[in-house]
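Remarks on the structure that follows.
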Amino acid sequence: MTWAVKWLTLSAQAMAEHRVELIELDRAIGDSDHGENMDRGFQAVLDKLAETPPETPGAALKLTAMALMSKVGGAAGPLYGTAFLRAATTLGDAAYIDAAALAAALAAARDGIVARGKAESGDKTMVDAWTPAVDAAAAAAANGDTLAVLIAAAEAAEAGAVATDSLVARKGRASYLGERSAGHRDPGAASSALILRAAAGAAA
Amino acid sequence: MKKLINDPRAVVDESVEGFGLAHADLVTVSADPKYVTRKDAPVAGKVGLVSGGGSGHEPLHAGFVGRGMLDAAVPGAVFTSPTPDQIIPATLAVNSGAGVVHIVKNYTGDVLNFETAAEMAQAEGVEVRTVLVNDDVAVEDSLYTAGRRGVGGTVLVEKIAGAAAERGDDLDAVAAIGDRVNQNVRTMGVALSACTVPHAGTPSFDLEDNEIEIGIGIHGEPGRHKIAMEDADGITGRLLEPILSDLGTASGEKVLLFVNGMGGTPLSELYIVYRRAAQILAERGLTVERSLVGNYITSLEMQGCSVSVLRLDDEMTALWDAPVHTPALRWGV
Amino acid sequence: MKKLINDPRAVVDESVEGFGLAHADLVTVSADPKYVTRKDAPVAGKVGLVSGGGSGHEPLHAGFVGRGMLDAAVPGAVFTSPTPDQIIPATLAVNSGAGVVHIVKNYTGDVLNFETAAEMAQAEGVEVRTVLVNDDVAVEDSLYTAGRRGVGGTVLVEKIAGAAAERGDDLDAVAAIGDRVNQNVRTMGVALSACTVPHAGTPSFDLEDNEIEIGIGIHGEPGRHKIAMEDADGITGRLLEPILSDLGTASGEKVLLFVNGMGGTPLSELYIVYRRAAQILAERGLTVERSLVGNYITSLEMQGCSVSVLRLDDEMTALWDAPVHTPALRWGV
Amino acid sequence: MTWAVKWLTLSAQAMAEHRVELIELDRAIGDSDHGENMDRGFQAVLDKLAETPPETPGAALKLTAMALMSKVGGAAGPLYGTAFLRAATTLGDAAYIDAAALAAALAAARDGIVARGKAESGDKTMVDAWTPAVDAAAAAAANGDTLAVLIAAAEAAEAGAVATDSLVARKGRASYLGERSAGHRDPGAASSALILRAAAGAAA
């Protein structure tokens, strides 16, 4: 199994395993569906991967983008869809990805999320996992291999997700709660950290 | 969790299937991708009206598909906006060449998915306009937030814009009247209990026996704040006050008063709320020209209600009165 | 107990007052003695139709007052039948000289109070006929019991007899068609939760998290037996089986299928029940000619539903389709 | 205060005091309204008594019949209404009631309930309080005064109400429960016992 396919497979596993946890996070400050949506979306990704095995990492990510876009729904569907689509576009049809390309793909993914969702850092969204991850990946890419890049990204994303706990949401459904959104982790940041951890796991 | 369901993941499929069976005279159901269209769609020369959103708000939106209201409804998973691969074919199916208006409740998910679908439908040659509904005064409106939610006002936008489309208004005119309704309607809701999303299995928030949530939306999300339980008259005052001050109504104006049940509250209680709301409007010198009381935009089995006030002008009143023939709203035909 | 009410003892007064305000175009409310009449009552030459019963079943009965259905509704206290001093003036108010039909659900209290009222109205010169509704197959029928309850079938009796009165049928003919509907309809209900009567303040029965009550009525009374929770398809089968065997339907017959919510169950779940019910009827070779899905005869905020099957003949179908214009049921006008 | 007015006043007190208890009995095998209905009805009786103080015991009972008939509703309203009306008719406009007249009035009340409700003894209704009360009253009237008659009636009614516990209901709302109605006291029998106890209390 290639790294990309393994990444997506591990992501699907993570979504299934953490489904209830993500639902619980969304229950606190949203509408109790994030875990269900992500699980449904990544199961669809697995189906697609089995149906038409992709030739390149870029193709795998493009297929993922399409599956998520059409099966997740809600806010997360278009955001993750755009993220994977932009990453796929950046990778093009390269068969091999080096550390710099990887860091660039992650940055493109984050930029896609920001372009669609218009959230800034600190708004308590998945951006707060992606932006530190992208920064850490860029730093690691300067003198590390792809595994180092992915580990750096995963760790930074996890820290970023944890750091959303104290934030007051200004975008997405949690923003309706105003100050009451503080004290809870953003579900999209949590799922982003799981996906980036899966990326590192796939490279190990 | 006790619900009249089978597999929690089949809730929307089976419910929409039953809906299609019960209303086969009015609607056609596409099972996959899932959407519901008016039986005679596309209606030649008529602007198409498409709305949609997460399921769990029934009868919204599918219950409003039919003559004089929506041409198509696109149901997502429970409380999850539908995806472009549903919205696009629904849009194409109801386009007669006169273009299609998307009525979208202002939630990030709905906005993003409809936005994508609109772009792609436009790429296929369908002119699309979007009416964004954001009538919920419980939410602070600001450039730096997701903005106000679309709630009760959605039903009124769909009815009035639907009547405009039915009488032959063109694409821009239908979108304009939809926007006008949205600009003149404000809503505020209260929950006495939470609802339980089938796949989640636990109530969407926790409330003590003596607490209620003021400023709830329609997705089982908590509201702006909890307060101790009050009587119906007190609660109704709390709902109307921000509505009227935000709407800036002036004595002598005519309004439509809409008391909406969230799904688990008896109709008798909605009329108790209506009674007090009508009294307050009268005290403010407003004339209730039209009214609507019932469960029209719900949050599963949540107990509670929302109150909407729409400032009417003669054209809106005439369009409100125009014939409508859908599973959930019908008159004049 | 959390309810959108003020003083528990004012629930019916305030709710009916709100109802009157919201539907002032259709009905007139008499506050004391309490009853609701059609705005244009008495309609010259037309047989008057009066129904009533305890409150807590909204929209029944007041929601069905209007052209093509009831001329008057008489609401009692919550779950308590009204008294003769309400029923008599309501009867007199809608008598145009053509006589009045009382549609009475078969409960001891309703029967006794309507019986007394009918006698006294007759003493005042009004001819009265009574249609007794007793469609509930959950109850064993026997000379030595109170007999079967009137439940979901009541809505169908009121609609069809109402249409007969509206087209000009005479007193005996209206009563006869009402009886015919009653003889051809059967109903069975299930509760997933109890309801709470406002003045009582505690749920009307106790259910474990995994229990449901099969064979409930509409007064929050326990049913025939408790069973462990099942899925919607299983429950629907349990409701339909006794209905069909008691009705003795034969393949090829046409029926009306009515899935009624008890007040606290989302519409989406009613459609899941409808789906399975329609499948079962199809398996039995029955044709669903007409259907009705929604909250029409409720038990406050009880979660659950009832299913009714009415064997149709062409006349009943035509009368079902006839125009009706009431707060809760409207078509053709 | 005359005995009749005192009886009705004590009955109203008893209904108010036992309102919740009667609601609870009705909750178990009915529709949770009996206590509320009886309380509302007897408050109306008090209002009427104050409005137009009756001249004779018969007039007091007739006024009570009318008030109950128009304010109680449900099954109990017409049944109690008929009971008091028949008792009033039996008493006529007599100013003084002896033991025999009292026993006859109670019998007439019971007969009225049976005529309206068609229940037999053992059907688990208020008849199961009234019939033993009527029998005991008749026996006591043979060689006792009115107080003895009323005490005998009250005691028998109370025993009769208790004895409904084990019965399976065949009339009224409890009959819908079939066998499940056994093990609960009939609310109408309980309220009847309270009313007959009030009658004795008024004479003491």
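In order of appearance the chains are A, B, C and D, and numbering begins at 1 in each one.
Keep in mind that, in the parts below, a contact is a pair of C-beta atoms (placed from the backbone, for glycine too) under 8 Å apart; a residue touches a chain by one contact, two chains touch by 3 or more.
Remember, it's a predicted structure, so these values are computed and weren't measured experimentally.
Asks: So if I look at the partners of chain C and the partners of chain D, which chains show up in both lists?
Replies: Under the touch definition, chain C and chain D have no mutual neighbours whatsoever.
Asks: As a quick test, compute the distance in whole Å between the mean CA positions of chain A and chain C.
Replies: 54
Asks: When the centre of a chain is set as the mean of its C-alpha atoms, what distance in Å lies between chain B and chain C?
Replies: Centres of chain B and chain C (C-alpha means) sit 29 Å apart.
Asks: Please tell me the distance, in whole Å, between the geometric centres of chain A and chain B computed from their C-alpha atoms.
Replies: About 32 Å, centre to centre.
Asks: If you connect every pair of chains that touch, what shape comes out? Choose line, ring, star, complete or other.
Replies: If you draw each chain as a dot and join those that touch, you get an open line.
Asks: Chain pairs in touch?
Replies: Every pair of chains meeting the touch criterion: A-B, B-C, C-D.
Asks: Inside the complex, what are the residues of chain C that reach chain B?
Replies: Within the complex, chain C contacts chain B at residues 2-7, 11-12, 14-19, 21-22, 55-56, 58-59, 63, 192-193, 209-210, 212, 229, 231-233, 235, 259, 263-276, 278, 288, 291, 293, 295, 298, 300-301, 303-305, 330-333.
Asks: Under the touch definition given earlier, write down the residues of chain A that touch chain B in their complex.
Replies: Touching chain B: residues 23, 27, 29-33, 36-37, 40, 69-79, 116-117, 170-173, 175-178, 180 of chain A.
Asks: Flag every residue of chain C that touches chain D in the complex, lowest number first.
Replies: Contact set of chain C toward chain D: 54, 76-85, 107-109, 112-113, 115-116, 138-140, 144-146, 149, 197, 199-200, 202, 204-205, 217, 219-222, 224-225.
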